[in-house]
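Working notes, beginning with the structure itself.
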Amino acid sequence: MSATRPFVVRRKWMTTPDVAAFELAPADDLAVPEIEPGAHVEFMIERAGQPPLVRHYSLCNAPGERDAFVFGIKLEPQSRGGSSWIHTLETGQTVKLGAVRNLFPLSQSARRHLLLAGGIGITPVLAMAQALEANSAEYQLHYFVRGEEHVAFRERLERAQAQGRLHVHTGLDAAGVRAVLADLLDGPAAGEHAYCCGPGFFMDTVDEVAQAKHWPEEGLHFERFQAAPVAADAIDDAFEVELSRSGTRCRVEVGQTIIQAMAAAGCEVITSCEQGVCGTCLTNVISGTPDHRDAYLSKAEREAGKLILPCVSRSKAPLLILDL
Amino acid sequence: MNSPIGVEMQSQIWQPVLPSHYLRASKNIVAGFLQGQELALWRSEAGAVQAWENRCPHRGTRLTIGRILNDQLSCAYHGWEFDTRGGCTAIPANPSLPLPKQLRVKSFPVAEADGMVWVSAAAGNAAASQALPPTSTGALAFFCRSLGIRAPMGDVATELNAQGFKATGAQTWEGTLAGQAATVLLNEATSLRTFAHVWLSEEPAAAALSDVLAKCRLFRRDVEARASSRSS
Amino acid sequence: MTFQCSDKTILDDWLTVGPLTRTEGKTEALPYRTQLLGAEVEVWKDVGGKLAARTGQRSLLIQECYGYMWICPSGAPRKDLFALPEYSQPGRRIVDCEGIGVAVSGLRMVENFLDMGHFPYVHAHYLGEVPQTEVATYDVSVDETADEIWATNCRFFQPKTSKSATTGLDVQYRYRVVQPMGAVLYKTAFPRPGEMDAIGLFVQPHDEESITAYCLLAYYDDVSTETDLVGFQHTIFGQDKPILENQVPKKMPLRPGIEVPTRCDAMSVAFRRWLASRGTTYGAIA
Amino acid sequence: MKLYDYELSGNCYKIRFFLHMLGLPYERHSVNFFPAREHKLDSFLSDVNPLGQIPVLEDDGFQLRDAQAILVYLASRYDRDRTWYPDDPRLRGEIQIWLATADEITRTASAARLHDSLGYTQFDIKACRAGAHAVFRVMDDHLAERQASGQQWLAGSHPTIADIACFPYTALSAEGGITVDEYPALRQWLWNFRSQPRFVGMAGIMALELTNQ
């Protein structure tokens, strides 16, 4: 867990009906680091009796804005314990922030920039626009929203609008979005780079259209919000399985399932869905702690550790003895 | 409803389920009926016919209400796709998960002969599936129609014999209908319903065709009368 | 006429026989007649306006709740009727879409109601659309005390959220099984993001293979007309009907292996395991 | 153009389908058919249709009830290519047979569906089902003859309003407990109807294409 630093909510306002904007100032009143456009910061969401949940939110800071971090967070009514908690944050409350990282930087070699934002995807793209505007670089910002009232941080887009570089597309359906993108991505100029951030299907559409229009691979950059959270224990490691009835023992390599390892050792187990859902391969655990990857066992059964679905689940201990 | 009655009469392993031209390559799915077993039949782009149990292994949905998408059968409920071998090739709701390799639609031995699609009721029964599909016996040049008859196959056979038809092969009778040389192939759909697939030895003139079809309707009426008088 | 059912978990439950509106103008002499668990049931309001019901000569335990009528066939209910606080929450609009008959087991009807994987196919352009077919992983939990099952953190992309809408939305869902023949669905309230609309599915089992599925809305929507709200639900039910009536066999197999689930069926797997563990047999193949 | 319509009505779907095939824009006025039975209210009986039935079409002041009548009107007025209701007298005669048969299908198969799905217990379900099987057998016999002569449609050499009139309640017959298993030619016709380019279905009748609107 990287070092965390306490911040205080200095200001909170609704920049659109379902996007809350925050200014978070460091509790120790020291300046925040210079923000590279496209960067995000880790939010530590405290949960009673459980490890904190880590969520990444893009920073909307303009160049030189170092007294506070600025965020825009869309309210997901029932998100995975992330944004709904954040919307209960009030001014004056403290929250712990972690490392600042940038997986979505502006290309240094680019001579022209095409910024594509879908809905809440505006946050990192906004930081880029403000930086490019400050350096009077050559760029265009195309912002796709459901309706006028959904344009976020209007006050930070005023200069881009004045220069005629802001193009807001409201209320287009999937086909309408595709048509606009087909026009924008048609024939990239030399040294032109495109940056895209938004919901999954929006980014997939940009990807499809860009490929169809032969946009160079290295000139197309995405900020995928659903960055797969790196759960420490998701890295598999090999282990041994012993079948108590036959006494045979076999090694389950990384990327191999218990069923496959056993089949290789000549022991067939009846499976059906092979996705850890149907329960056909349900097996008793004699000893060892199973690493459950199924969607079948109840919480109690999981915690008891006496049952396992060998088609997907693994072992936390080097040896797992099964009633087979 | 879906369990085959069992194959008592060895000679009826193969039955004519529907005319070959009913199945258009990679286009439609047609229901077939064989001794109580409901079938879903379709033809691949390459022309091969599949005869499957009419039930998706996921949630039991009839495959006949699905559609053919890029030469695979796509189930109407969740869009699971099955290739010509009956293997599951797509689960749209979980595209990134490995597909269950052993998941198979139950398929029946199928062959095409005499312009008909023949299916063996003995799925998986090794002995039966060895039985060679029937070779052409009667002259089957012109398909007239499939006649749905609300009577057991036995009653239809009895009526065919009564009207001078002769049994000349597995499920096959030959005789004349309204003066035209005809071959009738019987398909025991269920214990109470039979399909009679009527062929003529040559293409008839329009008037002759209409007479033959009228005769078929009368034949159906006579069989159904015989069946209902016996049962009531 | 006795109930053709030996499944105690069903006999001791509260089963609906439809909305109260079905007894308007009905009397003991001219009652509302309907079928429940294979028996003819008669329901009426007595002079005092109190609900009464009987099958043959035997009077039945009946109560009125959420604008619906609920009968406990055995007369010895295992627990109170499930709670539906949304029904009386201020600001919510209650719309009864009444019931549509479906020739299938009530258990399959409830399982269909809990499933998102079919949206892009059965409800194409209404609740989902190809190619956005992936069902994101969600959480399933059993509430032991209330004996209910929950699916939470569910979401699915819906191309059209209302007649006038032009862009799609990632709709949030929560599913709650309240009894073998009943469930409640919560989904994003389009006119008021951040709030969740509630849809109740109450199933009346006429017999093991035919039911009437009633649908009750508790919406934060005072924009749409009642005709449009009811019309939309009837469209959804109308689209599900041929699918449900083409499921073979009509009763739902509970043993693993007969029907093979995939990961997004986690809620349906939990539902089937829950039914098997409670000993449910009515409308099921053990 | 305004259509008094209800999503689950097969008769209304005939008109929605034909307006779509003709590419005619129209206002879809939804009627709360069930449970409110808006089509039986006095205002509806006096202003829209004295028989209390839908669909009803209003075309700049001209009001017309009865699905088959509306099909004839729309084809005669708006089908410039004259394919859906050709002028040829013999063909018109043949089409009229099936427009009448469509009413018979409504009286039997659709009634069975209303009984089973919307609780219209006043219908004699046994008689409805027997009647539907009688009609379907007539259609299967007719289509068998047509198909033997290389034709796919009820009349003529391409789809007409005869096919539109008979299609919906035949396709929905299973919802009234009536299967068409024993009518092979009829089943081919049902699939052919759904295979028309630009086909759109309704709740309970699926389009074969996944993408079209």
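A few notes on this one:
For clarity, chains are labelled A, B, C and D in written order, and residue numbers in each chain start from 1.
Criterion: a residue touches a chain if its C-beta (ideal position, glycine included) is under 8 Å from a C-beta of that chain, and two chains touch if they have at least 3 such contacts.
Computed from a predicted model, the values in this text were never measured in an experiment.
Under the touch definition stated at the top, chain A and chain B share these contacting partners: C. With centres taken as mean Cα positions, chain D sits 50 Å from chain A. Averaged C-alpha coordinates give centres for chain B and chain C that are 39 Å from one another. The mean-CA centres of chain A and chain C are about 35 angstrom from one another, to the nearest whole unit. In whole angstrom, the spacing between the mean C-alpha positions of chain B and chain D is 30.
Contact of a single residue of chain B with at least two other chains is seen at positions 65, 76, 94, 97, 100, 103.
Chain contacts: chain D has residues 206, 210 touching two or more partner chains.
In chain C, 120-121, 130, 242, 246, 260-263 are the positions where the chain touches two or more neighbouring chains simultaneously. Under the contact rule stated at the top, the pairs of chains that touch are A-B, A-C, B-C, B-D, C-D.
Those residues of chain C that touch chain D in the complex are listed here as 21, 33, 96-103, 120-121, 124-125, 130, 212, 225-228, 230-231, 234-239, 241-242, 245-246. On the chain B side of its complex with chain C, the touching residues are 1-2, 38, 54-55, 57-62, 64-65, 76-79, 91-97, 100, 103.
Of all residues in chain C, only 115-118, 120-122, 130, 133-135, 242-243, 246-249, 253, 259-264 touch chain B in the complex they form. Contacts from chain B toward chain D in the complex involve residues 18, 22, 27-28, 30-31, 33, 65, 67, 69, 76, 143-148, 150, 189, 193, 195, 206, 209-210, 213, 217. The part of chain D that touches chain C in the complex is made up of residues 6-8, 30-32, 34-36, 38, 116-119, 121, 174-175, 177, 202-207, 210-211, 213.
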